[in-house]
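Before anything else, here is the set of structures, which you'll find just below.
After this come two complexes, each holding chain A, first together with chain B and then together with chain C.
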Partner chain A sequence: MKISRLLLAVILIGIFYGFFKIFFGVVLKQPIPSSLLTMYMFFVVVGILLVLSFTEEGARELMSPIKNLLENPEKKMMRMVVFVIVSVLAGYITYNQIKPSFEAPLELRTIHPAPPSNFSAFNKTYNLLTLENPFRKYAKEDPEKFKTLVYEGGEVYFKNCFYCHGDKLDGQGHYAQGFNPLPANFMDVGTIAQLQESYLFWRIATGGPGLPKEAAPWISSMPVWQNFITEEEIWKVILFLYDYTGYVPRSWEKH
Partner chain B sequence: MKIKNLLLIILAVLFVSSTVFASGDKENGKKIYEKKCIWCHGKNGDGKGPAGSGAFLNPPPRDFTSGMYKFKTTPFDEILPNDEDIFKMIADGMPDSSMPAWKDILKEKDMWDLVEYIKTFAGLTGKPAKQIDFAKQVKTSKEGIERGKKLFLDRCAECHGEEGRGDATKKLKDDWDARTWPRNLTKSWSFRVNNNPKEIFARITAGIPGTLMPSFADPASKKKMTDEERWDVANYAASLADASKTIKEGSTVVKAKRILGNLPEKADDPKWQEAEPTNFYLVAQIIGKERFFTPSNNSIMARAFYNDKEIAILLEWDDRTKSIPGDEKAAEILLEGEVYNDAVAAQFPVTIPEEMEKPYFGMGDAARPVNMWSWKSEKKDAPQAVGLLNAMGFEKVEQRDANKAGLTAAGVYNKGTWRVVMKRSLKTGEKDKDIQFEEGKFIPIAFSVWDGTNSEKGSKHTMTTWYWIFLKPEAGAYVYAMPVVVALLVFGGCVLLARSSQRKE
Partner chain C sequence: MRFLTKAIVSIFIVLAFILSYPILTPASKSSLAFAEEVKKDASASSVKEEKAKDKPAYPPAPKLKETDYPKIKGFNGRIVIWLAAQLHLWFAAFVLAVPIFVLIIEGIGMATHDERYDKMAYEFIKISITAYSITAVFGGLLAISLMVFYPDFMKYMTGIFGSSMLAYAFLFFAESASLYIYYYGWNWLNCGFKKWVHLTIGLVLNAVGTTLMFLANAWVTFMMSPGGVDAQGVFQGNSWAAVHNFLWNPINLHRTIANIAYGGSVVGAYAAYRFLSAQTKEEKAHYDWMGYTANFIAIAALLPLPFAGYWLTAEIYAYSQQMGITLMGGVFAWLFIIQAVLIGALFLSANYYLWCGMGRSEGAVRYNKYIKYIAFVIIACFLVWFTPHTLVMTQTELKALGGPYHKYLGPLGIMPAKNTAVNIMILFTFLSFLLYRRANKIATVSWAKYGNIAQIAIFTGAIINIVFLGVYYGYYTNTALKVGSSVPQVASTLFVIILCMIIDVFMFKGAKDVAPLKWGNVPDRSQYALFLLAVSFTWLMGLMGYIRSGIRQHWHVYTIMRDNSPDAYTPTIGYAAQIVSIAVIIFMAIVIFIFWLNQISSKKH
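Right, the complex of A and B next:
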């Protein structure tokens, strides 16, 4: 039996909705906030309708059950029932939209905002395009010295950073749950593994308040570390982060 | 004959190697320890790693060289813990401390190897000779809880407080001279192991070595209890868990309810029970100078009411000590330093943000000032005080007159809990200086708390990040009329659509 295109559209939309609900809500236990889900579903519905009505014929086929319902004189009763259901549903959605609710507004956030080409810290101006970790070279030149530098970076980490970013560098330190957004998880492939050392230096030195304009809502809890630790300590802690996690910092392609 | 010998040799090798593996591979343990554990517990296991030395952590990391383990299931007169006790600490971590659970990244064998290595710091060998006798677990019952309560008030309340909030009436420090805080039994999530009656029974029976928590199974103790009595107390202690203090993930809104008539002014007004509480984690202030690392408070609860003129916010937090500078009793339980006032503050942006951009949560920023309401506990010779300030960052602070802005605050301390009501009119005359409350808008709010007996003063305190307060408007006629209008319009639209479609045909 060939199922009608309209039914197919409804089933497809249902599958997507079920996937979002079950996969994120039940499997990952991280339900999507309702406002975000509405946005996703909007794109899903538009997408499915576009695909199914791509050809003239397809569009006609998709619309034919609706056309039939609207025009067939024998379906007057059915027509009225559908109209009532649709209007009640519209009324109900309106009510849910405007009734006062305590659901907090959604705060979408730029995770890795584009860095400026240069920035100031420690009373100096740094050019992010040319900035390099001055200690990185010892990895090859003097491995013993490098090991010491990494350990010293670890000391800096465990006196300053681990309260939030965690013993395991997983962003789940003792105080992590008290902050919003949650501290970065360095073990995740989406954080330091994607970034250059100069980017880390910029984020550490200038902290949350140093975020650029487009990084709204500007709620990072990252302290302004140039107020607490030295430039050298920042470079050392960066060595430690990469050494501990086993990731390699990104670098500009050499021409 | 030869085959028999060979078999014997194979068996012997298997036996020896199996015992070696069973007792854990110290070398592998050492390797993991030196990558993951040295940072707090130190290379030599003395608890003096980079994060362990100095006053960075309270509780401080365990000193393994002492061979003393706090949370064990062997009796008070048995120094050795069970290997399982150490394993459990590594695998599950210790809530409300800096020890994380390692089981998500370490294999089970690796953790057993760690246990074996950690024991070498104090040269612990062999198995403990004695085990805690769990006797026959007494199931919790109404009568048992009553018996437990009586025993608790007699034996435990001196340190854990009458209501179990850990509000000790005496000075407490551990064998290493660090300030220790008795467990607040009403916060079930803050137990170092967990608040299962069986675990509590183990603590009561074995004590917590190195601290002032004694064994109540020690026949030499005047406070000794029988197995059954200890089960009763354990069941009672577990029953003290207060579900209203649970911090729910994703619960970020202080729900201000609109009421008719006057707002409750007193913190102990029963009317407050009608307002839904929201709980938030308090964390140490580590973003601005001087930073603070050893907090004693860990959560705060907020409720709110408003009417057509005013808003009242009830802030409630457990604080083990009522800190009254100049008071002898407060000085008595102080370990070192000085007694300062207890205090609390609520922070708002001066202007409700239209977009997402809020002021910096640490006292605002140059472009977006904050409004800070504060309350301070009494001194021996001075009453409670209300404060008001505006800030544009840590450095740029303007002290203002709370009276002039119509801000009031009053607090009551009762058995380990502070309750403070702050009240102000919704609008004030100074629009550019004071937050003007509006119904139906999500307004950022953040909190700070000071425990004066824990050296908390100035920048040394606990705090929250930004959350929200929402003044929920009454659902007016509009909320009910609008859906009906929409439904009618949609119905009309459908009918028109059908008509025009039929006509075309």
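Right, the complex of A and C next:
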């Protein structure tokens, strides 16, 4: 039995929707947020319609059930039923989208605040364009010393940071669930793996209150660590973060 | 009348620059004069020398107050300049690009002795000549608006770029002259040696036009990555250092390629407009062919464009971490998602046009069954291309996911995944083109089978290489290698395109036609794909242009001259998108007007 192209389109759309919902939501237990799913489905539908309509016969076959329904005088009753269903469906979707909810509104959160070109901490001014980790050089020059520095950085981490960022550095510390947004997950490829050490130094030293004026308001519970630990301890903890996660800080070829 | 308008506008702009130059640049000097003065000082007494050293030859960047920005009731300076600059840029991109491919098409016509190419090239340049005067009008409006609303900024810029601004004005005359001779002399210089003269004029026109753009690019990139000045903005006297600033070359390359793609898409829209309004079969066939050629130009330039864009972005990041993060990880990150969607739309519409175009040939049926697989890969890459790293989620979704990142889709949000996806998307678009190209042909060479095997092997090898580079270098190495791995990815893609094209050309040399190609035998839907291509390009350029300018944030000249006007804030994404959309509507309305003018100009009683 040959199924009509329109039905085929509906089936294919259903299969892709089901894949996104079931595979990610049930099998992987990581559902796709509705904002992203809507974008995915929009282009899946567009793609399916393009494939089914690129030939003249294909387009005619795809449209013929709709054309038939709209133009055939014998299908008056069916037409009415479809019109009612479509209108009710549209009304239902609209109602669901605008009905009052206790849910906080969606937010286009900017995840990486842009750093300033220079900033003040420990009564000094740092230039973020040239700032480097003073201990990084020991990785090559004196590996034993480097190892000790990383170890000391680990101590700083477990005394100060792990309560929120977690003992696996995955942002799942004891207090993590009390924060929105959750503390940064350093194991994620999109956090420290994408950043320079100078950026981490700035974020740690100045914390939430040090975030830039631009693109405010920022949401960050990060303490101003320059009030609690030393400059050296910050550089050491940065060594530890990269060492533990296995990432290498962002760097550039010399221009 | 049209000539007169252009001449008046040209004279007006040059006069505006000449008059404003001495008024706005009391301290400015040419680099030569500066060097001479320094020499003279050196031979003077030591006291005098000290004094000369203390007194700077050029002033530092002014520190402006809100009152330094003139206000005109009923006008918002930033929006006026935003719209004028954007509209000028769109038209300029179009009129600079068209002569490039007109020259190539004219050359092809000359080499093949096929008059159709010559006629088409003439029709292309005819569209751009109407747009040329509009470009000048918006250029004049932009220059005047800048002087009116931002006089101190213009004074500072003129102090550094005065000489290049004058050169720009004179080059504009040269461009106008070469364009008018090239266009109006088309029929006069159309045979024998005269044709060579005509081609040379076309070459001069392109050289002058490109130089003009490079000069304007220098001013724009100076505002982003100032060169030739010290930390206080004091010009050091070396004009070349100011022009040849850090981002100048990446922008030059990106804009040149993008202009060609854009110009192709706009003339494609013109061909679609004429196709849809055509009354005869011959007309339909002509405009179908014209639309196909324009689309070919647009796609040929679109394919390397992401690479040029990537280089530009990497250089922005290298110049300033702040600008880099603002651009793609910070406040403009969501506009990049819109950019990704629009670029995907460009690829989809370009592919759809090719697939529909296969209807021109009876032999294409053989390949129809492969289209669904190509579409699947392109859509899959497209989904990866626009997947954001940070997701927009409700609180319920946030809890269900256990954090702000998606464990499996999150990694698709960073550049290695995007690079991999776009390379594969480009390869499959090229595959669509290869199938279209051979749709109506049957290869007659004895080695055709091996040729096909070689092409499949090249494709497969390159895709494996691109995925490996993307996954291994993208996720398991440091960032310097991550960024570096994009180069072999691009090289793989370009290698496939060049090698497969060479094999294809030789394989189908003297090939048998299945049936005569039926130009004009394409559905109207395909023409709407051409419209979509032009509109997507326009919108994309507007949004990306805003981002490029917006990453300076509250600086006129980044880190040198602060913008202290009331408008020195970064507007919301929605507001910016609205302004750009209004500009797109104005531009498209003017473009349709130009199309209409061209249509009526070719009507005969």
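Rule of thumb we're sticking to: the second predicted complex is superposed on the first by the 191 of 255 C-alpha atoms of A that agree within 3 Å, B and C clash if a C-alpha of one lies under 4 Å from a C-alpha of the other, contacts with A are read in each partner's own complex, and residues count from 1 in each chain.
Methods note: a contact is a pair of C-beta atoms (placed from the backbone, for glycine too) under 8 Å apart; a residue touches a chain by one contact, two chains touch by 3 or more.
All of these numbers come straight from a predicted model, not from anything done at the bench.
K.L.:
Could you look at A:L28 and tell me whether it touches chain B, chain C, both or neither (first, second, both, neither)?
P.N.:
A:L28 sits against chain C, while chain B stays out of touch.
K.L.:
Going by the contact rule set out at the top, does A:L182 touch chain B (first), chain C (second), both, or neither?
P.N.:
second
K.L.:
After lining up the shared chain so the two structures overlap, which partner does A:Y17 touch, if you call chain B first and chain C second: first, second, both or neither?
P.N.:
neither
K.L.:
Which partner does A:Y199 reach: the first (chain B), the second (chain C), both, or neither?
P.N.:
Touch partner of A:Y199: chain C, not chain B.
K.L.:
Would you check which partner chain A:A114 touches, where first means chain B only, second means chain C only, and both and neither mean what they say?
P.N.:
Touch status of A:A114: second partner only.
K.L.:
With the two structures laid over each other on chain A, which partner does A:A104 touch: chain B (first), chain C (second), both, or neither?
P.N.:
both
K.L.:
Have a look at where A:A90 lands relative to chain B and chain C in the superposition and call it first, second, both or neither.
P.N.:
A:A90: touches chain B, not chain C.
K.L.:
Can you list the residues of chain A that meet both chain B and chain C?
P.N.:
Comparing the two interfaces on chain A, one with chain B and one with chain C, the shared residues are 103-104, 107, 172, 180.
K.L.:
Can you list the residues on chain B that touch chain A in the complex?
P.N.:
35-36, 39-40, 49-51, 54, 56, 97-100, 102, 105, 252-253, 255, 280-284, 286-289, 291, 293, 355-358, 360-361, 365, 440, 442, 463-466, 468, 470, 472-475, 478-480, 482-484, 486-488, 490-491, 494-495, 497-498, 501-502, 505
K.L.:
Write out the stretch or stretches of chain A touching chain B in their complex.
P.N.:
Going through chain A, the ones touching chain B are 67, 70-71, 79, 82-84, 86-88, 90-92, 94-95, 98-100, 102-105, 107, 154-155, 157-159, 162-164, 166-168, 170, 172-175, 177-180, 207-209, 216-219, 221, 223, 227-228, 244.
K.L.:
In the complex formed with chain A, which residues of chain C make contact?
P.N.:
Going through chain C, the ones touching chain A are 318, 320-323, 325-326, 329-331, 333-334, 341, 344, 348, 351-352, 355-356, 358-359, 368, 371-372, 375-376, 378-379, 382-383, 386-398, 400-401, 403-411, 413-414, 475, 477-480, 523, 525, 553-554, 559, 570, 573.
K.L.:
List the residues on chain A that touch chain C in their complex, please.
P.N.:
24, 28, 30-36, 39-40, 43-44, 46-47, 50-51, 53-56, 59, 103-104, 106-117, 128-129, 171-172, 180-182, 185, 188-190, 193-194, 196, 198-199, 214-215, 247-253, 255
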